[in-house]
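One structure below.
Chain IDs A, B, C and D follow the sequence of writing; residue 1 opens each chain.
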Amino acid sequence: MSIPIIPVELIRIIVALGAVGAFVGLNGLVLVYVERKVAGHCQRRPGPFEVGPHGLLTPLADALKLVGKQLFMPTGADPWLFWLAPIVSFLPVLLLFLPIPFSPVLTGMEVHLGILFILAFSGINVLALCLAGWGSNNKWALLGAGRAVAQSVAYEIPLLLSLLAVIFMVGSLNLSEIVRSQGSWPWQWHICTQPLAFLIYFTCAVAEVNRNPFDLPEAESELTAGFHTEYSGMAFGLFFLAEYMNMIIVCSIATVVFLGGWQGPFFSGALWFFAKMYALLFIIIWFRWTYPRVRFNQLLNINWKWLLPLGLANLLVTAFLMKIF
Amino acid sequence: MSEQWMKGLKTLCSARSSFEKTGQIWSVFLSPERILEAARRLYDEEYFIEDISVVDTADGFLVVYHFDHFDGSARVALRCLVPHDNPRVPSIASVFTGADWHERESHDFFGIEFTGHPNLIPLLLPDDLGFHPLIKEEKARVPLKDLMEPGEIVECDPGFTLFPEEAKEAESEKPAKEATQGS
Amino acid sequence: MGALRESWQNIVDLWSLIVGLKVTGKYFCYRHRTVHYPRKTVDNINTFRGPLELVPKSKDPTKPKCIVCMMCATNCPCGAITLVKKKAPKPTPEELKAEEEAKARGEKVKKKKAPKEPARFIQDFSLCSLCGICVENCPVGSIRFSNDVYFAVTRREDLALDLLARLRERAGEMEKTLSVEQEA
Amino acid sequence: MTRQAAAEQVAGDFYTRHFVEPGPREDTLILNMGPQHPSTHGVLRIVLELDGEYILRAEPVIGYLHRMHEKMAEVKTCLQYMPNMGRVDYLHPLAWNWAFVGAVERLGEIEVPERAEYIRVITVELNRITSHLVWWGAYILDLGAFTPIMYAFDDREYLLDLLQIPTGSRLTYSFFRPGGVSTDLTEDFLKGVLEFIPYFRSRLPMYKDLVTDNIILRKRIEEVGVIPLEVCRRYGATGPVLRGSGQPYDVRRAEPYSVYDRFDFEIPTDEKLDAMGRYRVRVAEMEQSMRIIEQAIEGLPEGPHIVKGAPKPKWKAPKGEAYFAVEGARGKIGVHLVSSGKANPYRLKLRSPTFSNMSLFAEIARGTLLPDAVAILGSLDLVIPEIDR
């Protein structure tokens, strides 16, 4: 060992993590604003309006408020589990952004098993919800955690099945490879060859990130606030941020796998990626301000009786067709 | 409206009253022991319970049960008078389950003991209140005969003396009655 | 067979989700209905019942029509109105002298009657339930509801409104505007 | 107090004494829902014994908003009591106005001018629509959709602006007086109502598209909270809860008061007995209310809005008793007035419909899921101040 090799890859990852951190913070603020504006306009009101021009600074004020609030722990809660939960919920989110190819250049880390990486790490979120529910010493939180675990575990299966169908066709788990296998025009994207897989994926994604109509773990009219009933200040803020980041990740995957990633008509680049991703985010937010919530047994019925068989059938048909042609 | 339920029921005094004037068509005085039987008969005739209220009179607490029928204006008022010092009435919650809350409310306001009630704990008032707010002072109480007219008496037990002779007088001397009303 | 038909029905009914999105999507594009309060105001407030105000005499805008009959104060369900009658004016020394002289002459002395005017007319707005019984029962029509929607105070004590002072204030304002108009 | 001692004090009987047979099973969870819970609409508290999310027992605990209106009546004159009647049920206050005024009129044998009766019908029916709109929005909110309540409040705002013209207030009306109403209707108001009706009719299909037809909502509330007619009868449930159980009982028809016998309207019922049935009944009732309003405006006679010689503030009710019932948005509102010939009522009993409707909750919630309990609570259309009085 005469010349120390500069650990290029390590530096790259550290820089990428820093960039991802900034990206997460910025996108969190933007999403809060978008969500409240969409809610407002759907309900024929302006949404946030007073802080800054058209309320642009409202999310910043919200963030300041959350940071400034007292952190509160209920009597009888388990302090370790209680404070661990928001951190466990938030940290994997940073990792999840690493393998996502925003553009050919803007990729944190080329991971050959990209999809597997993301799915594996996003599973940690369930653990956080479980810890939060158990550690809070609150019955509502406990019920919410129970729901969260059942829901997340159940919906991961059809989610995986729907992605597998595309992976079969591409023959790679690398996200950049998947993007390159699609063309720049919409009919060359996988959504046209695998529409059913896309529908299954999107439904599962909404359920996986606990958004309406599948927001049962935090159903406020039933469980007050579900697993984060007892959290205040930034501890709640971390859960909140993690939820939004998970939304971004599932939409990013959908963009990569089904919508052609950074490719688009006329030009390619990160702009297309973000446009597609935000369009999907808008749809998820739009869902929330339109639909009522399903009941818990219905939620599981949808999964086990509809999505899972459909996903399996879709996978089998894909495999069969692949074999023939 | 059929009055099947009244056949064979021992009442102290039963009277028909005018719906236009009082909003009731029957007002029936019962002794507390009979109330459960009357409720059961009304239940069999498909009446539903409206409310249970109490009037604090000089003669005692008058517990008033209102029942009505889905077929139209057929409000029946069952009444039973209980003494101030020992207000006990059997609970009808076993027949009309909705009476449960009404009885608890009456217990809150007047301290009436509904015997046989499944869970006679305070409903609207705090547990440690210590008094019954709607009980009137002794001198503010008014005798029953000054509060309501019995109406057209159909049947009356000779031992029932709350409306002594006046009722019959009232029937014959309407103008005189109105004069007393104005005072 | 029934189960199949039911399943098919469920799939068909999924269309209702799209219809729902259409409705909210339509309103997303519509103008919103919020009135941005300090910059814009609503105009249908002339029937609103705000705090009471006294109706002035047609001759003198600083004096109310009130004859201190106490109908409003005694009938208010909440006891929100405090009404005090003016005391009889103190006789001047000359009058006192004349009175004594008259007494000495053995004539019957006519004491000055208290004027039928309120000395204090206070409405405690924190108690008022705005039922309108005072307004309806005033025999001379001396009180009415103002339509002051934007009435707000920062301290509870400020809710005890001195209606006479408010009446004088309004009269002063009216004069001011009148004089301004005259100047113009 | 040590934490242990505090825990011992709140365990066991503190919660479970509300059950008929106290004490939880060893493997169940006692859950205290309320008084501050988003879907209990105010300060209702329900003690639940859960097995997982299944409800084994439920017992409502009420009284957190108790104001003793009945005692207040004994220290106020009939006219002074009017503001109280606007505050029993803040969503349909005019019906309570009417119930009390009706009892006073029945007792005092006061004639009401025909125009006043029509004015009462128009305003009460408008108020019924506002009440149902709030229920509609809040119910869908309970089921997890946020937007419909905004649309409902948008329409309700229209109506509140209208009702403000004659009554002068927007929520707690005290508009009726024994012998009539306090102010006459203006042309503005009538014009506004006539404009409102076609507008609101055009909104109803939107409501249907957005909510009623929505498959998620239908799956949520169909076959949930089935209330058989016999249960309604035992508990004395009335109003849309009873009509949702298939019994066409409406005080406006069964005990026709005022001029309701002159109007042509239907009593919507539903044979399904479930929460969806009650939902449909209420939506249909809004349409029927509009029909009544149209007919009433068409037939609105000229004349005084209050009878000459209407009770003065110190008016003494003749001795006697009177019971008067009206159909409120939530069911049969009854006022039992006993007078000893003084200016103050001797005894006033308020029969509130939600009190009876609520009491059946414990029975029908047994064995359902926690979200179903929320759906059932919402379908009963609870207004807590009316339960607690």
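We adopt the following convention: a residue touches a chain if its C-beta (ideal position, glycine included) is under 8 Å from a C-beta of that chain, and two chains touch if they have at least 3 such contacts.
The model shown is predicted, which means the values in this text are computed figures rather than measured ones.
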Provide the labels of all chains in contact with subunit C and in contact with subunit D. A
The chain whose C-alpha centroid lies farthest from that of subunit B is chain A
Tell me, please, which two chains come out on top when C-beta pairs in contact are counted per chain pair. B-D
Centroid distance [mean C-alpha coordinates] between subunit D and subunit A, Å: 43
Rounded to the nearest Å, the gap between Cα centres of subunit A and subunit C is 56
Rounded to the nearest whole Å, what is the centre-to-centre distance of subunit B and subunit D, using the mean of the C-alpha atoms as each centre? 26
Got the subunit D residues that touch at least 2 other chains? 147, 151, 154, 210-211, 214, 216
Per-residue overlap in subunit A, given as positions that touch at least 2 other chains: 42-45, 289-291
Which of the chains touch, listed as pairs? A-C, A-D, B-D, C-D
Once bound in the complex, which stretches of subunit A touch subunit D? 39, 42-45, 75-76, 139-140, 143, 212-213, 215, 219-224, 288-298
Listed in rising order, subunit C residues that touch subunit A in their complex are 17, 20-21, 23-25, 27-34, 36
Please output the residues of subunit B touching subunit D within their complex, sorted ascending. 20-24, 43, 46-51, 53, 55-56, 64, 66, 68, 70-73, 75, 77, 95-98, 100-102, 109, 118-119, 121-126, 133-134, 142, 146-149, 181-183
Note: in the complex, subunit C contacts subunit D through residues 10, 13-14, 16-17, 19-20, 22-24, 27, 33, 44, 47-49, 71, 74-78, 129-133, 136-137, 145
Using the touch definition from the top, list the residues of subunit D that touch subunit C in their complex. 76-77, 79-84, 86-87, 147, 151, 154, 161, 164-166, 168-169, 172, 174, 177, 182, 206, 209-211, 213-216, 218, 312-314
